[in-house]
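Across the two complexes that follow, subunit A remains constant while its partner is subunit B and subsequently subunit C.
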Partner chain A sequence: MTELWNTLVYYFSFPFVQYAMIVGLLIALCSSLLGVTLVLKRFSFIGDGLSHVAFGAMAVAIVAGLTNKMIIIIPVTVLSAILLLRTGQNAKIKGDAAVAMISVGALAVGYMLINAFSKSANVAGDVCSTLFGSQSILTLTKSEVWVCIAMAAVVLAVFVIFYNRIFAVTFDESFAKATGVKADAFNLLIAVVTALIIVLAMNLVGSLLISALIIFPALSAMSLFRSFKQVIICSAVISVICAAAGIVLSVLFSTPVGSTIVCADIAVFIVFRVISMIKER
Partner chain B sequence: MFGKISAVIISAAVITAALSACGDTSATDTLIEKNESAAAFVLTTAATTTAAAPAETSAATETTAAADNLSGETETDDYLSYVPPVETKSFAEGIDAKNGDIDVDLTILNATMTYSQVYDMMTNPDLYAGKIVRARGTFAYAHDNDRDYFAALVQDATACCSQGIEFVTAADMKYPDDYPPLDSEIIITGRFHSYKEGTFTYIELLDAEVESV
Partner chain C sequence: MEQIICHNASLGYEGSTVVEELEFTVREGDYLCILGENGSGKSTLIKTLLGLHGTMSGSIEWGKDFSSRDIGYLPQQTPVQRDFPASVREIVLSGCLSKMGMRPFYGKAEKKLAAEMLERFGITKLAGSCYRDLSGGQQQRVLLARALCATSKMLLLDEPVTGLDPRAQIELYELIADLNKSGITIIMVSHDINAVKYATNILHIGSRRQLFFGSKDDYLVSHAGRSFLESGEAERETENKHEQKGENA
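Here is the complex of A and B:
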């Protein structure tokens, strides 16, 4: 056990492991805060759809040979979030059908582009690390960490400043509208912030596992707590602890980072559900 | 760097634009605060059952997806029992992989750490210039532009990503007679060097010694 601890301490002396932990915790915190709202508003699947769009955008950036892929990924994902929400109200193709269409469409086009036009010798590696995170979180540069900190700060600030209005829009849009809140605009804001979190989280767990980061902590917290504030706090704590545990375990035992974090989330979800069932008896 | 700053500016601009459309909501804030202090809003049973049910369905789907992606082998061998030597000295931003005469010994790290460390060496080659590096990988050979390239391929734990460390042996060796079989596991030790071809930077170990594992 002491040797394991020494190895862990030794590994954490490497800058890239420290960067991974900082970014991982920030992403986990941001995603859990919005997760509660998204789950309650039935926006869970929008997160999944947007993550696939982000994969498609990243494929375009890879094919274009861009060093900084964020220039394409952020605008495309944010635009898709806006389109999904806006057209969802008026368009002929609505709701889950629109999300599914954009989701699989972006995935297919992205994969085709990478295979057909990528100059990289390791297409399988590119796809693997984009879809499942692979080692991406352990290969961050210092400037990427700063970008992540800045974006996480923006997301946290939005959530803290507009907590009351997000709360109102989440539970009762009619009430919110009646009292002067432009609920549509706040829905749009939630979608935009979700898009930003998804872009951030691609480095941590990959685009296919992002939804888990958003959904599981929220559902786990809802199993035991009832008030909005309690659920938000519990969700944030669960998400941060699972991310930390996942990163530590994956560094120690060489498991894929994203999958390990999600497995930790699943384990906590099962434990919380069991506790909830016992309490209800 | 400019691109990264512009990425932050774009995201901030999008959020600002979205916020500017949200209108004056001070009345709502007051009402909500009153309601919250009078009787804490609770997640009603209706909200939980109607909203959470579909999410649970997708959660189950994610469970299956996550389980399917855990096929990567877990290494629980002697890497875990490695204790770094006491008198190690770091030379670059806290990197401390010194082991005896070797400045960066990648053979004492597990697969995840090795891959990440090699990636760091590729992105920051100046930090490692001239250092003695030892690495374990599978032997690879290529012939291009009338030149022989020899490398040790280092894979990540999931074996989907790999990076090559080229090497040039100290001794005059003839391929294939003096080299190990292709795809066999080797340990190379040599002096770190990087060079550019076009827009790409490559790393190599000069004056290298090759050992078959």
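Here is the complex of A and C:
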């Protein structure tokens, strides 16, 4: 036990491990806050679709040889978020089909681009790390950490200031519209913030696992708690604890960061479900 | 005093007309029941009254000191709400949002108003309960309390008794009638024949056009009214026959 503790202290003396922890916790916090709204609005799949779009954009950035990949990834993902929301309303192609179409399309094109044009010697490794986020969380620079802190602060501020209106729009869009809440504007805001979180979270868990970060804490919290505020708080707490545990465990046992965090989320989900089943008896 | 004057209005959206030549007035204290088949433009009329759509031609005028913001709305339930983790207090409070302007959080005035509304509908004890655990009738009370947090002038109810058992339906109708007696104007959209009983005025929309507008008593002897009531009774008879058959089998 002391040996493990010593290893942990040793690893956490490195700045890059500290950075990983800070960024990891912030991302987990933001994604869980928004996750509750996304799950309740039946938008879970938009998160999944957007993460694939982010992968596609990342591939373009890699091929173009950009050092700051965010210049391409952020605008493309935000734009897709807006588009997906629009198609949901106009419904020429139904919402879920549009999401599926865009997400697999972006995956295929992204992988194709990387394969055809990448100058890197290790294409498979590049793809794997963008999809599952194997190393990128441990290679963050100081400036990237600051960007992440700033974006997390924005997300948190937006969420707290508009909390009551987000609740109203999530619970009952028609009533919210009738009382003069600009529901469409809030849907747009939610989509844009989701896109930003997904871009941030790509560093942590990779684009394939982001949805897990959004969905699991929300579903766990919803199975036990019965008011919106409790669900939001519980979901945030679960997500932060799971991210911390996941990062620590992955450092100790050299497992991949992203999947370790998601496994922790799954474990909590199962425990909460069991508790709620016992309570309902 | 007139609150809504609808004159020769055609309604629709994205360039296609849904219903034409609507002509009716709503006065303070009225209980207007809007009847019509599915697809007759009732939902479009609701959206127009709430100020979410414009009219395509004709006009809807608002009375003095009255606008679409003074309508408290009771929408139909959505599937999202059935498993939504929200407490009754949170939902009722959200009705106050229209009075908050740019303020982000609820103040004392909003909390007091919400508490009064909970009391008025006899659901104070349920304030901490989860919405999805309530019965259908209790849920409608919560939504009524929320609507009256937004306004106390007029309520617009969209098929409020759908999905309730017969007893809860009657309770809700009585509750709405009481609200009407206390001075709140009621507009109820329905295809339920029992809704007619409580109304003072009827607006009946057929396919694409208005079939009747006037007092309930006139409606009951009109052609439109008689055929609507007969079709309802016929429906009930066939239902009874089905039930009897079911029992025999």
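Simple rule for what comes next: the second predicted complex is superposed on the first by the 280 of 281 C-alpha atoms of A that agree within 3 Å, B and C clash if a C-alpha of one lies under 4 Å from a C-alpha of the other, contacts with A are read in each partner's own complex, and residues count from 1 in each chain.
Note that a residue touches a chain if its C-beta (ideal position, glycine included) is under 8 Å from a C-beta of that chain, and two chains touch if they have at least 3 such contacts.
Being a predicted model, the structure only gives us computed values, none of them experimental.
In the superposition on chain A, A:E3 makes contact with subunit B only, not with subunit C.
Contacts of A:R165 after superposition: both subunit B and subunit C are touched. In the superposition on chain A, A:S174 makes contact with subunit C only, while subunit B stays out of contact range. By the document's definition of touching, neither partner reaches A:F117: not subunit B, not subunit C.
In the superposition on chain A, contact is made by A:V154 with subunit B only, not with subunit C.
In the superposition on chain A, the chain among subunit B and subunit C reaching more residues of subunit A is B. Once both structures are placed on chain A, subunit A residues 40-42, 162, 164-165, 167-168, 171, 176, 179-181, 222, 225-229, 231 are touched by subunit B and, in the other complex, by subunit C. Residues 50, 52, 69, 71, 73, 75, 78, 80-81, 84-87, 89-91, 93-95, 97-98, 104-106, 128-130, 132-133, 143, 146-147, 150 of subunit C are the ones that touch subunit A when the two sit in their complex.
Of all residues in subunit B, those touching subunit A in their complex are 1, 3-4, 6-8, 10-12, 14-15, 18-19, 21-29, 31-33, 40-43, 47-48, 51-52, 54-56, 58-59, 62-63, 65-66, 69-70, 72, 74-76, 79-84, 90, 93-96, 109-113, 115-117, 119-120, 123, 156-158, 160-162. Those residues of subunit A lying in contact with subunit C across their complex are 40-42, 160-165, 167-168, 170-172, 174-181, 222, 225-231.
Subunit A contributes residues 3-4, 6-7, 10-11, 13-18, 39-42, 44-45, 48, 66-68, 70-71, 74-75, 78, 122, 124-125, 128-129, 132, 134-135, 138-139, 141, 143-144, 146-147, 150-151, 154, 158, 162, 164-165, 167-168, 171, 176, 179-182, 185-186, 188-189, 192-193, 196, 208-209, 211-212, 215-216, 218-219, 222, 225-229, 231, 250-256, 258-259, 262-263, 266, 269 to its touches with subunit B in the complex.
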